[in-house]
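My questions all concern the structure below.
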Amino acid sequence: MRGNKFGKLFSFVTFGESHGEALGVVLDGVSAGLDFSLEALQLELDRRAPGRVAGTTNRKEADKAEVLSGIFEGKTLGTPIAVIVRNTNQRSKDYDKLKTEYRPGHADETTQNKYGIRDHRGGGRSSGRETLARVIAGYFAGLMIPKIKVRAYISKMGPFESTVEELREREDISPYNFPNTDKNTEIKKYLLGLKANGESVGGRISVLIEGTPVGLGEPAFDKLKADFAKSLLSIGACVSFSFGLGEEMANLMGSEVSTQRGNFGGIEGGISNGEDIFLTTTFKPTSTVGEKAKEGRHDPCILPRAVPVVEAMVKCVLADHLLRQRAYGDGVINE
Amino acid sequence: MRGNKFGKLFSFVTFGESHGEALGVVLDGVSAGLDFSLEALQLELDRRAPGRVAGTTNRKEADKAEVLSGIFEGKTLGTPIAVIVRNTNQRSKDYDKLKTEYRPGHADETTQNKYGIRDHRGGGRSSGRETLARVIAGYFAGLMIPKIKVRAYISKMGPFESTVEELREREDISPYNFPNTDKNTEIKKYLLGLKANGESVGGRISVLIEGTPVGLGEPAFDKLKADFAKSLLSIGACVSFSFGLGEEMANLMGSEVSTQRGNFGGIEGGISNGEDIFLTTTFKPTSTVGEKAKEGRHDPCILPRAVPVVEAMVKCVLADHLLRQRAYGDGVINE
Amino acid sequence: MRGNKFGKLFSFVTFGESHGEALGVVLDGVSAGLDFSLEALQLELDRRAPGRVAGTTNRKEADKAEVLSGIFEGKTLGTPIAVIVRNTNQRSKDYDKLKTEYRPGHADETTQNKYGIRDHRGGGRSSGRETLARVIAGYFAGLMIPKIKVRAYISKMGPFESTVEELREREDISPYNFPNTDKNTEIKKYLLGLKANGESVGGRISVLIEGTPVGLGEPAFDKLKADFAKSLLSIGACVSFSFGLGEEMANLMGSEVSTQRGNFGGIEGGISNGEDIFLTTTFKPTSTVGEKAKEGRHDPCILPRAVPVVEAMVKCVLADHLLRQRAYGDGVINE
Amino acid sequence: MRGNKFGKLFSFVTFGESHGEALGVVLDGVSAGLDFSLEALQLELDRRAPGRVAGTTNRKEADKAEVLSGIFEGKTLGTPIAVIVRNTNQRSKDYDKLKTEYRPGHADETTQNKYGIRDHRGGGRSSGRETLARVIAGYFAGLMIPKIKVRAYISKMGPFESTVEELREREDISPYNFPNTDKNTEIKKYLLGLKANGESVGGRISVLIEGTPVGLGEPAFDKLKADFAKSLLSIGACVSFSFGLGEEMANLMGSEVSTQRGNFGGIEGGISNGEDIFLTTTFKPTSTVGEKAKEGRHDPCILPRAVPVVEAMVKCVLADHLLRQRAYGDGVINE
């Protein structure tokens, strides 16, 4: 009830401070009998890992997943699945000065005021490291929705922009999660330049969801769009969410919109209509700038590493709604 | 668990189809001993009521609130509060043709597919009428947070735009909920023009929240911004949410953002920092256009009537988080 | 979150004070497309109604169910179902003296202390009348589990005792819900005698559940037996719960128990094993005794009217667990 | 949603199979700033540990608690607290024969049927080892309710019986958790005799709760008695629950009960009245009997080790209700 649980039927709780013993997740809603692969899980974590590509933090941590329960002989048991990742590279003394210093745009001061206490050695519970638990949850969500294809990508990062059409043309867009991979060299140069200047930049991450069955989402508060919004705004640096035509809708007349079903972004009345679903989010620039930002472990742009987190949250929402729809056994989805 | 419940500690469930017997709400999380006024509640409902101003639907329904439980001698009892509004002006035969006809952008087809059955006489559960239950809930949320001032307003409607500064200058902005009330005559003319042409228009509703105590919101999934996002995206026509600088963050450098605390929109690390909170949403144009839209009961623009609904949802989120913070008894908020 | 909600997937919230406008229930978890009969629902309510048989309260209220939402053309819509019962026979002045008087064994004093306010005109929220909302919920639960047969009966009331074998021999055991209906005349005489003396009596209600599929119940906290226990102890006068051999287990050796599967009461490891499930509860005597109890509306024994409430709660637990098991799609139950 | 979570505001999720890597718990509802002692936590775990006293299992496991998150410099942070216990003494080959063999009275067969898969190496998720996670949760619950004294004890074990008065006379009743410690030698002899004969025995555990504030518990479904019932029936071998006079109520007249407030067991209308609360449960005999039961690791009687588990669950319920009552800020409890 302190907000560390996500989901209703496909639900999980995450725990861990950035400089504590470990971070982790307990999933209490995964079906039994699914094939589990530690290697596949680790690959997902590696996509989020720091220090993977030039221009992101060089804080290299193993981020090695350890499964404590819920898996037996390579299959899910239907019991809670606990996975932890130990913090191995804590470098706590780097953070000592933060004890009495609050970083703007971070949770330092609000955490201190909320609880009257905090782990000052880093972001604590509000650190970006918390998102690795989400990536683990997203891996298991993916096992539940094998027919749905969820792909997040950077649609804008500083001067670089990319379209969903560019994404559709490609299967793999690593390492920067930017569809137009021809720009990779330029992006690298751009990010290294930001870093050298102690600067950071925001941008946009979009999501294309293909293969969603008709009927996911509930008509009142748990509309599919509402749960997507919550899931993505729950990511630290995310400051906006839209779906379909999004903010552009403010400039359109009804006659322009109603002609084409695709304009509704795959969701009508809060319920999936079977079309592709399209989401867009805005991420603010990393708050740490100036001399401090030139230190190794800071990301000049969070976007490349945020992409797998966005994908994970979207998958968790879909898995949850799939289970919810299945429970009641009505409508076409269950036929 | 079918998504008709909202909130955790300040929680409520809504019910009712647009052409059924009644709509209503049961609140299970209101403190005892608060002063209740049926008149004040009715005033909130009237702000949302159809047919109130020229240029909106002329479907005039009493929308009269009837309290069934939880109030005794003018005070809340701490027990569940049930309030219903009867549907008096159903005009069901108008809708008969909809039995086999699905309106684009509405929930007609998705509802049919999800459940295998629907009340075809109107939007059913997905009708805008469902929002009157939210306005009732918002009234009670307001009783829980008397020191927080929540004001929603139209920041853009077709060619008309208004700023938060214009809002700050005024106490009352009715009837269009547009801060620059000098434009009321023009707006009226504009909306009547849309109506005559069977056209509709989208826009933006923004929210200014003053007086939020420090420490509301939880660091992981139930960040204050995440719960605001969910609450507003759960409104039918809402297609985007942002807070603080919002989408503009995609175009900014860290050095531009970090200089001013106000840029974080009153929320740092998902937790309120005591500053004003600023939210913005986009609403799509009403989907019904053409000849059908010229009929009396259709709104050419949903925004004026959506403003009290937006306010209500924001209040419900704040009341919920205030109770959550109070429960644990830690931090400055409880001193 | 103030405890007026029951169930997770088959969930409902109840509301209403005994002397307020109405009592009711909103169900948010009933499948779509089920056949609804107002007559059948009313019959369930009538089984609980006061004044039905000699020896129970003569407070005759219509207890007429009114459906406000969720039903369309005789079918459930999958949307929330709201049903209310108006309080027509409030006789409030009878209760005026209770304003400053707390009845022992009732919730009068604890309610006042908990909330700092109460509706003193009767039991308020803690009145036995609250259980009519449960009976309504139980009717809908029954629609979800048509293959499971739930029968509650009085196994002991004062000097009268009856066995599950006597129940198995009969289809209908009304009006006292005592299997050995040959005793009806004696029971009537006994209850009228109690009434004349301002006396009351406790007893036991047992439940036989036939046809439960294998696999309902969860291994840790939501064991089927745990949820049955909670559901029945949530009834006002219920003071004990047991299943299978129950308290007798305290006197048995392992070798005596393990020989026969039936001894485990249909639940092993918290999960149904497909055998008949057998539950027993104890109800305390009505707290009101003496001169006051001779007044018309008091029941000398709550048991006959509690039987349909017990059945309703058991059905709600079963419906909830059936939906939960169905959601995850694993195991034999889904084949 | 698969039933591994307990509590609403003081809530926690447990995980782990008896022969997996580890068992553990994540608490998401502990206040910030409480003093934590690993030694005190370990002492609670040791009370439940196997092999502690003669006549119980000789499966000696370290059951060493490892804190992964939520504690910083000896204080709770208000963030989720994760604690794990590794399984060090798995002896899995002992259990190989169980792959195709279902033990009566255990969850073996129901688990297989429910999930279509199971960890056959032991009780898996349904093993008694799962209760160590509850003991850990109970330790933290205790930190939240320092003024409430919860003491569980064996009131009947085979031929031995003890009363609450005997408990009141003593501060410490270890090692058998039987108040009349003069019987310790006899009990030891009795249990060793059972073991030698491959026999087991059931009994009763009672609980005395002193110092509960007035006003805990909710009037409808979350009555304090109902939540106690659920919490205790969620323990594997528990087959009955009662409070106050319990089953004896079936034999009493109203006039006998209403004379003394103590007869209501500290709970009126589901809400604590400030008096001592008295609970009683029945535990069935361990299901494993015969030659198999003579092997070292089997307990001839689960009661001595179940006592700290019962205490833990009761504390968790009280902490949860204390937080719930505090949240709403009404009534005497908050003054």
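What to note about this one:
Labels for the chains are A, B, C and D, by order of writing; each one numbers its residues from 1.
Everything below uses one rule, namely that a residue touches a chain if its C-beta (ideal position, glycine included) is under 8 Å from a C-beta of that chain, and two chains touch if they have at least 3 such contacts.
Everything quoted here is computed from the prediction, not taken from an experiment.
Any chain bridging chain A and chain D, meaning touching each of them, is among B, C; the list is complete.
Comparing the chain pairs A-B and B-C, the larger number of C-beta pairs in contact belongs to A-B.
If you average the CA atoms of chain B and of chain D, the two centres end up 45 Å from each other. Averaging Cα coordinates per chain places chain A and chain B 27 Å apart.
Between chain B and chain C the centroid-to-centroid distance comes to 38 Å (mean Cα coordinates, whole Å). Along chain A, residues 1-5, 8-9, 14, 29, 32-33, 78-79, 114-117, 124-125, 219, 324, 327-328, 330-331 each make contact with two or more other chains.
On the side of chain A, the complex with chain B involves touching residues 1-6, 8, 14, 104-111, 113-117, 123-126, 130, 156, 199-204, 214-215, 217-223, 225-234, 236, 239-247, 249-258, 261, 263-265, 268-273, 282-290, 293, 324-325, 327-328, 330-333. On the chain C side of its complex with chain A, the touching residues are 9, 29, 31-33, 78-79, 219, 323-324, 326-331. Interface residues of chain D facing chain A in the complex, by the touch rule stated above, are 1-5, 7-11, 13-17, 20-24, 26, 28-29, 32-33, 66-70, 72, 75, 77-82, 84, 114-119, 124-125.
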